[in-house]
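Below are two complexes that have subunit A in common, paired first with subunit B and then with subunit C.
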Partner chain A sequence: MSPAGIVLARRPRARRFLAGPGVPPGVAAAALFLGLVAVWVVAPGLAPHDPALIRPGDAYQGPSSAHLLGTDPLGRDVLSRLIDGARTAVLAPLTLAAGTIAVSTTLAVLAGYLRGWVDAVISRVVDVLYSIPALMVAIVIVGVTGGGFGLSIIVLLVFGLPANVRVLRAAVMERAALPYVEAARTLGVSTPRIMLTQLVPAIGPLVITSFFLQITFAIVDLSSLSFLGLGVPPGASDWGRMMAENRATMSANFFSTAAPGLCLAAVAVSANVLGDWLYTRYEQAGRSR
Partner chain B sequence: MTSRISPTALVATGLSVRGVRGGAPVGLTSDVDIEVPAGEAVAIVGESGSGKSLTARALLSLLPRGLASSGTIRIGDRDVSLLDDAERRRLRGSELAFVMQDPFTMLNPLERCGSQVTAALRGPDGRRLRKAAARDEAVRRLAEVGIADPAVADRYPFELSGGMRQRVAIAAAIAENPAVLIADEPTTALDVTTQKEILDLLERLSRSHRMGLVLITHDLRVAFSVCTRIYVMYAGEIVEAGRPVDVRNRPRHPYTAGLLRTEPPLDRRVHRLARIPGAVPAPGARPAGCRFAPRCGWAEADCHDHHPALTVLPLDHQVRCRRADELTEQLRPSRTDEPPEPAVACAASDRALIRTRALRRTYGPRVAVAGADIEVHAGESVGLVGESGSGKTTLARMLVGLTRPSSGSVEVGGVDLASRHLSSADWAVVRSTAQMAFQDPYSTLNPHRTIGAALRDGLRLVGAEDIHRRTDELLERVGLSGDHARRMPAQLSGGERQRVAIARALARSPRVLVCDEIVSALDVSVQAHILNLLRDLQVRLGLSLVFITHDLAVARQVTDRIYVLKDGEIVEQGATGDVLDHPRHPYTQRLVASVPSPRPDPGTELERGKPA
Partner chain C sequence: MSTTGNEAARDTAGPATSDRAAAAHRRGGRSPALRMLATRSVGAVAVLLAVTVVVFLFVHLAPGGPEQALAGREATPEQLAAIRARYGLDDPLWQQYLRYLGALTHLDLGTSLLRREPVTRSIGQAAGVTAPLVLISWLLAAVAGTALGMFTALRAGSRLDRVVLALTVLAASTPVFATGLLLAWVFGIQLDWLPVLGAGRDGGDRARYLVLPILTTTLVLLASSTRFARVRIGQILEEDQVTFARARGLSTSYVLVRIVLRNAAVQTITLSGAVLIAMLGGLVVVEQVFALPGLGTLLVTAIGARDIPVIQGVTLVVAVAVVVVNLVVDLLCLAVDPRMRRGLEVDR
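Presenting the complex of A and B:
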């Protein structure tokens, strides 16, 4: 028995999930930042100016008390556009990541537990998808059809599947051989029920991590599309689009490009930090030795 | 070498390990004094949570992060506490060697055995050995641990059996002729016959190399079979120490006496296995007085108030108990006064609930089960015994439909599981006839679901009406309380988890419960609880048991009939008592003979002969 086991064993523990000693400062900072962005999402009215208001006279301004982050080449307030853009910057990746992980988990459980031809079909499709560069296809499809934001989300969702399906499927295959799954089979629990009540909770920690990782990818992919002028319509205050529009005049107002860029990076990093921490928590709650 | 001048190879004085829990320092072990003479073996015996493994790691200065030790350790004539980290590192391997429990993870899977044995060796010039020299040396070292085949040096660990791997690990550990070898449960993962060989090897090496051996084990039989001194640990401290003969025949501490009584005897079936109530207290929750007092049948008010010191009795027997002198007689192992139980506890009916004919299972060219004919009648307990690889688990899995037979038939409740088409009604018959409980208490329950959820799965399938009340009933039937239903598996001890696993199987009200090594991962005192529970269930519910085990003493206690398996074949069968007392097949004879027995012990004979 491991020495750590000696310390932990034989003690009825309250289920430690989110409660417990000390939240690390990095996690607290990440949560705080995501909280701020969430406030921007639900209350775009906090913006000090109308984000779409064009005032050519105020163009190319640096930070001032009237415009905390200065203005862009059209004289629009950068901070207001940043706050207004939070919605697409956060909600879209969230939806995209949630969708990707939901579909991946379903496919992974089906493939990893049923095996046979179900596994063969799912795995081969995943292999094919793996070999295609997602962003390239998204650019072509969205660019050619002019399909807009909805279509780009669907395309990115499909191409987000391969990595997640593979990781989760491997985890399912490992769990499927464990005694608790075999016990359920011996009891006569139906296959769909075993998948839903045994396997999905068993890979829960991994699903959470994958979700947060996927948020990062989604943020990067979606803003790349916006940066290229695809996805969100012109004029919308999207962070990726702001970076693209303002980078030519970066010398006039550094923050017009840097602020949305930094915000994007910070959201991605925060999501990762938070996800990692949640995973550890969830994992420990179920771990016994 | 200088270290060999002193007759004692290792002396630890006041060795304590401390950790931190929830911000407060917690003592994990306290004041452990151990002395290991050169060329002799001592054992540190205790259950999980006793601190025996931590003590071993403290001796090696290999404590996990966050733990610190104090006290002095002398190896030969060097005081380890005065050395810095680099010097301690040099000490490990050269003076102090370590063999771990798991022969499967101890060796590097990507390196040949020979180079792992000689990895630490240096030539006279202080350089690594040349390739040819290293291989010759490896072959020589492997021969020393009983591996005569020189080809083993060129093999990878996965090509070897568990016992061979353990030998390679021992060869690697003693490559630099250390003064002390610390072996942490070196035989726990091995079969009985292999276990005996490894124990004999360790004992021989410690004598021939003048090496002090520290054997960490939970198994008193193992300790008695090789050691010259036994240290019994409980809740982080030594409670009794002495010669094996004294500890075995005249235990002075109630805990030692309890451990000896919970050990199931091989030679007869007892009416009820003795148990120690309660559980080992966690560090930080240990009683202020005697740490064993809450579980002790002889505890007095004083025992709860004052922490007893380790006192020295004649014959260098030490004990940590206030009442040691008064209890001498009560604590004597009273094994012979109790009448043995008749071999067959329950009258078995003629109706076979499970019947297999020429049952076979192959995996490619490998034959797991080669034509087994077994029968399980209503109300009887049937044992399947054998070593790893004997096919006993595969056979058991075929009985509940987890593994499909390659050929032959398995009739469970009248349904042949080998047939191609089984309707859902057929499966319902099978499920309500045979259920299974698994070996590993840590993976038998889904870590992310509550106990109640696990039990309700089965209850829902039999259409139970008041599911929550039935859940409570099931828990009470296996000796747990209803509020366990809301707990997570991580909050339960190993024994409690196995009870839940049994309750889960009972949820479908089966006629036969197949138990696959369900006590092998548990401490002896916990094992006794589970075995008693199974016997109760057998009587109260008229349940039949199929009990798979490698431990013959356990088989003796719970089974009426046994089948002995070797390489997938049943080599002997019959009433448990007959088979174990008069084994006819050479393999069964070897199994019975391999159970560790106390060292031949002249002390008892002498004492009986001369007046005290």
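Presenting the complex of A and C:
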């Protein structure tokens, strides 16, 4: 087709990625993988070996029937460490994302419904936070104070707020202008009650979507911190830390570095894919209503 | 563009007037662009002052207090006392802060405890590695992202569009060190095309060492810039002005460059600034992956050794960089969009 034809042709609205009826294979794969990791989280006993057991004699081994993914430079079983690391790799980002979204939703509902000075204060603070490099600040703060994992989660939580507050606040303002909210106000329903029973449920789907997307950012940021050796304590079988420790010996056992990397990427991509799919579904539901 | 239309849009609160000079005079006699620039500059200075306060307090936040931070962990009580006296740590905090600010005006960032050299020299050397890495990646990602976004927006829904979209999801959600290690393994170890560790010695040699780090950074930045350009250009293509331009028989290239790109410019520039700032933390990781002696490595090494003056210095440099990027973004937006030069509300 000629370039002019491409611009000029009015195509029918194309079906978007991950849209339409049914569950696309990408989403199914993402859900399946997250399910596997969830099993690892609840049942760390599945690990074939003790993840912390150091056996120098077994170091640098490639995959074998005894060690499915080989061993690391200290002779520890990579698969066992992978399974053991699932808890920090998944639960910490989940906590971080849940905290970020909970605070964001609260601030967004307050700002978007009350408006006035509350909105002004929240919006200005959000604007300032928006232009600060989150991971950089986390690296410096955690590094200088020597604070551990908890502190990194708090810092990343604060800096995860801006983007979410903006999106959710816009959604609240859209809903707050609708007649049913005005009707509730006219009936004398109290302001906190309107927020809790009318506004929060109305933006619920968007909150869940933001939560999934936030998990991706949380995984990327937290694993970057542990890759740098900040946050998680030494010796912990954290996926980011495993990659940092094993990468120098990548040619001896490729999987000791590649497996945690693949798992991290797969969890983050899965969360992102699920979030995207939910968002598209939500958007379409809004359009057809 | 009609002047009266602009004025009506601008003065929504007051009575609409077509006399632009009078309106400008009422608001302080300067053009809106200059006014915006002035407020932004004042804001930038305020932000930088706030950053100096925080950075100054680093010394006091460090475990063991400032004297421990300056003397190192193995200092004897006598050494600690000497440090307290020498740096005036028993003075009121505000006096110490003013001294710190005074030293800053002479570009004196103190002396590195680990490297035994002025912090400014360490930072200067490290910036020689980081600056090309940041600037080239940023430029590549902005240009390629816009091009790719437009290319796919024009073929919305095609297989190519979906493949690119899937790749952006993949690149954006993979931790940057995983991307970097994969590239290093493929191009550095398996294919043995490029060096993987260090920054080389000089000009041409350094360029070879920077290829993989730049590729890694660009890939991550490209993911967000492509995705954003795709969405924004897709929106503009659906607008009436594009339909109308086509109906007038304007050429495709004219429509794309004069209408679509110009309309997308402000948001694209704003976003590429925001993405660059968000990427600063990722740059630290990239430098660690490729063992580049840049600002990020300087920072991480300093953190490991509790080298507080270097941590303070790098933090200040990063803060200045963030403020400068924000100012440059504002200036570029003013240069690109005539509506902003006239002080109209523009959705960014």
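The criterion applied here is as follows: the second predicted complex is superposed on the first by the 252 of 289 C-alpha atoms of A that agree within 3 Å, B and C clash if a C-alpha of one lies under 4 Å from a C-alpha of the other, contacts with A are read in each partner's own complex, and residues count from 1 in each chain.
Just so it is clear, a contact is a pair of C-beta atoms (placed from the backbone, for glycine too) under 8 Å apart; a residue touches a chain by one contact, two chains touch by 3 or more.
Values in this document were obtained by computation on a predicted structure and should not be read as measured data.
When the two structures are aligned on the shared chain, A:188 is found in touch with subunit B, with no touch to subunit C. In the superposition on chain A, A:198 makes contact with subunit B only, not with subunit C. In the superposed model, more residues of subunit A are touched by C than by the other of subunit B and subunit C. In the overlay built on the shared chain, the residue A:247 is in contact with subunit C alone; subunit B does not reach it.
Of the two partner chains placed by superposition, only subunit B is touched by A:179; subunit C is not. On subunit A, the surface patch touched by subunit B in one complex and by subunit C in the other comprises residues 3-4, 6-7, 11, 13-15.
Contacts from subunit A toward subunit C in the complex involve residues 3-4, 6-8, 11, 13-17, 26, 130-140, 143-146, 216, 219-221, 223-224, 227-230, 240, 243-244, 247, 250-251, 254, 257-258, 261-262, 264-265, 268-269, 271-273, 276. Residue ranges on subunit A touching subunit B, taken from their complex, read 1-7, 9-15, 21, 178-180, 182-189, 193, 197-198, 201-202, 204, 285-289. Those residues of subunit C that touch subunit A in the shared complex are 58, 61-63, 154-158, 161-162, 165-166, 169-170, 172-178, 181-182, 185, 189, 246, 251-253, 255-256, 274, 277-282, 284-285, 288-289, 299-300, 303-304, 308, 311, 315, 318, 322, 326. Within the complex formed with subunit A, the residues of subunit B that make contact are 19, 21-23, 28, 48-49, 51, 53-54, 57, 63-64, 67, 279-283, 285, 400-402, 427-428, 431, 435-440, 442-449, 453-454, 457-458, 461, 487-493, 501, 504-505, 507-508.
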